[in-house]
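Chain nomenclature is as follows: A, B, C and D, assigned in order of appearance, with residue numbering initiated at 1 for each chain independently.
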């Protein structure tokens, strides 16, 4: 069973991750992972911190000469900013005063975390709750993408809305995805792109932040991943948890999502056709998943990303020590996390698809998985 | 750790469930669980099957004289309809022909399940994929509600949309919830209720089905459940998976959900105030969860429920044996699952909240948990 | 991932079990499972309870017409004795007084359980702690054996010691196993068999109980199950937990076990040879597992089974209500659990091997697994 | 739920570990952990590698200013020897030839691992299978010991046999444990100590290796950890898996272990007495666990450690490439792992006890756990 743990704090020395259960014989190249980390950092709307960091993945173990061995994969991403924070964040030596946070930010973990962990300095909460933690989850998803790529599966994610600016994206072809890669807001619709940038600029001027929507598409997933037989094996349930766990996500849709709530069944369900030796659909309102099982169409996930809770014009809050009203703590932060979140959401989707893929095809080595995958594909054609 | 498994098929002899990890000393009364099962069956829009079943929970073990002992709880709900299906569904004796399903229904597990399990009769798929399976998950959630009730936590769910009919529900007070309980579509807005019924009637006349939205509210949840420290401990992630795993759900929102994607941070985040010895908010756009941790406000979840895939005017499909076009299989079914889904969604939310509650407060007995809970509540007041 | 839960009490109405993750297409025949249940009951040394019970497995779901469907398998075994205990053991109606246990038995769960669950009546503890619970685990292991049998893997268990009587069992051939099946103490050594019976008789006359050793052999396990890469994937760790979890087991050995502690490496390790297209050993001191991975030799496990804690001449104890000295509670019980434990230990080993087997070969159907298994076997020949 | 993952290879750059679920507010001091790592290295019978390494634990995250924050704890231990192996072991750059292992060592993972992972160079297997991996598990157990120490629980481990030399250790008092700490073979019996050293010397001279027995004692464990209610919650099952997962362990006993198999019940079970406000025993044959629950007595575990499989006078084996007979690969190794294994076995036992402790007492902070622990202790006294 594919699983991972990760650890690390925003201003600590590094993030570490361990992947357990990746088969032997997978070719690893960190360039594609570093490209994800670069894109996560270098999109429009990010704050000053990203000028300090140049995230790059170190592989510590589980890979030898560029190939996985089947052993757990140890990962590290260093925080350059640690040098500036060392006295406040070191693990085993007494820390210096001066970075306490006693006025929680509305919308962030600060107050809930203090109440959970019984502390009156939110620093210990916010360091882990920070969305910078997704740098490691992105790298881990990037490793999962390498497995998927071996079987022709590709994960793409783009921004379809920022504030009031919405993209038109009816035709997700290669040209569209190429435009996404070249867009500072990761949007392939040229008109919307400009409006999105304007939305971010407006928010910035107002000392505010702004939300948006990310759409993830997983291409070429074979039918048969996930299962209807148990609630926690359902692929949509797993994807939903993974996406909702990303900082700032407040909503997840598969396929048509909330729009299906307004419709009749005859308008929603994707009729089934057969031709060229396989079953196919002309529509994909289901978003590639029926009853928790991939059906062979593109998997489509939409996620609502709320505005970042750290505002340069801070909101009303309370100092937890004095109990008096105070302006919320303001830590250096981004204006809009949506473009960066698109990278993260693609990565966590990749991870879940990879896990479901290995659940179905088993195997300790890429060769074994290729054999199992081939058998499944052939059998489906004979159904 | 609280966990469960369930088994059973729609036309099999029964559903069984096992709950592991429920503390000792919890008073069990099955009336409240049976009331949920009754409501799940007796709402507007359900089909003929529900005239046959009178669901009632049998507790087989783990409870003695009305109190849990700490041992696993064995549960059973019988299917009355089994008598009519025995020859086709018995487990250990050869089955009679005549109930094969070879034309998959668009929108259901049928085709994806056949491709996954390599069979050309969808009967083995649809029997488990059927939403009737939620009868056991509802009962299991009903047991979880008894634990929550001991600590003053209540779970409420209602219908806020069916097709084009939407409820106005700004004030979720006791009177509103009372109206929900008395509404055949589980909607507390009298105007919307009538429109919802009309939507269902229209769909029925057209041989069609219709979707909607369910809102779940969990009242009086203490701050501090879930955690920001690991992705799969986040309460929103867990709730999201649980809700998305319910048949027909295609979207999940926490609090403001997708609307937050259109807004500025200053419009979204719930400012923090202090008074009467505790922190409070005047708004609840976060839906009671910040960074994966409950914050003490009501937890609000919205779920999009798609129209049921079984239409009496069936959609175009393919016979998997002949590969020729055919009308989709039509099994006796409901017109609108949304009111029934509201019972199920409340139950699965209750389960996840209970699991997170026990994660925090530990303990093998209700007494121990009360001690831990009291300590936490007192400490929060001192923060 | 293969997993199960079970529930039930010794004098409750029934035991239930749910198996999740068994592939589709496995032929189930309950005769072989019932044969295990029969043997578990009808061996020498058992007490009066077994005259009441005639254990038989009911399959409630997950199997249709004798074949698994991939859905969770619901299982039930009824307790005939419940009729005599109903008033004291019913789940939802107030129970009658008269079966309280306030004097804990040394060696059993009674006192530790009361301290854990904060109760002063051990009845709620002993009903679940009773070794009768293994009736369901035996059935679940019996289902796992059917999967293993499909791939030529067989699990055998026999008694090698009771008290001071030890078997000579150098040659575990078919004739030996046949003698085991025909022996009331499940020992294939004719001399030892008689001594074992005499040991049990002596204990019975003395109002005492007696322990022994069970050896389990798993034949024809392919190399490559389990893994050295993570501690909890090691096959020996998993088997060890499963065996130690069986009531009364106090020691587990793989292969040479504790004898290896007294030896030099040159006396212990099984040299490697090649011939007939495969690697082989002339000795099997490792017991078929090296570094947590099956190596293709027979897996050998020895388990120490302590004497049953319920003595008809009870030991000194304390009444937990009065705190005064008292003779331990005496519930109708067996004299020697070792022959019955051999059935249980074979079953739990079968379960773990099956789980590791599916971990390696994946697959949702028997056909897929056969394809993956064939690929592995062929590849090993080419190594 | 307390859990961990670890990664790393024997000649890779480092081992990393991540602990998830450790409560906030635990004081961490690495000196006691480093002391374990030192003892693991600096005992009699170790080989040349240990002259190169000076193991020391780095804490990367999850701890701030010497206290846990509740966030995952990132750990690292560097391999000094990596400098000598870099060209052969680097993760992302092509590796140099010259360290292939094609003749598997009997008794080690080599052949089974190659068959599992389909490779003909055992280097990728042996690097992870090496017992050096226990350096990280020792550190992780060392962190668990700090939690246990907060509640007065202490873990001690010593060597009771090496080859034919056995210790007399009837009185495990403080003086005994002090002698263990000062003994190069970690044995508190002065006579046996000398014989043990002689056994190791004899093995070394003969180019051989030698096995032994480690006993672990966990002092002051409260009654009520683990549970009889489900097989995988049983404390003995969990401890057994943890111990058996340690390299070279082939047998595990709780308390009297295999000796109980030779005895009558009246000789084995520990009678129950009451005095001084609590229940107690005069004997501890159960080894502190009855029916999978700690009973308040010292937990006693014995483990059989087989001789190390790497012999300087290597055993017969086969070259997997040529299939011709060959002497097994000889990698620099120890003569006797038993004293070092005692450190590791104490550490893994500490981990399991800590996990069961947190299962019972829950809580996100040390304060909460102290409250829950106090409640339990008080209640037990009132039983």
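Just so we're on the same page, a residue touches a chain if its C-beta (ideal position, glycine included) is under 8 Å from a C-beta of that chain, and two chains touch if they have at least 3 such contacts.
Keep in mind that what you see is a predicted model, and the values were worked out from it rather than measured.
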If you tally contacting C-beta pairs, which comes out ahead, A-D or A-B? Let me know. A-B
Quick check for the class: compute each chain's Cα centroid; which one is farthest from the centroid of chain D? B
Euclidean distance of C-alpha centroids - chain A vs chain D, Å: 37
Roughly how far is chain B from chain D, going centre to centre by Cα mean, in whole Å? 44
Chain A and chain B: spacing of chain centres that average the CA atoms, whole Å: 26
Touching at least 2 other chains, the residues of chain D are 5-6, 20, 70-72, 116, 118, 125, 128, 224, 227, 229-230, 360, 364, 367-368, 379
List the residues on chain B that touch chain A in their complex, please. 5-6, 104-116, 118, 120, 125, 128-129, 137, 161, 163-164, 203, 206, 208-213, 223-225, 227-232, 234, 236-247, 250-274, 279, 281, 286-287, 289-296, 304-309, 311, 313, 315-318, 320, 323-325, 328, 348, 360, 379-380, 383
Touching chain D in the complex, chain B uses residues 1, 20, 70-72, 224, 227, 229-230, 358-364, 367-368, 371-372, 375-376, 379
Mind listing the chain D positions that touch chain A in their complex? 3-9, 12-18, 20, 24-25, 28-30, 59-66, 69-74, 76, 89-95, 116-119, 123-125, 127-128, 364-365, 367-368
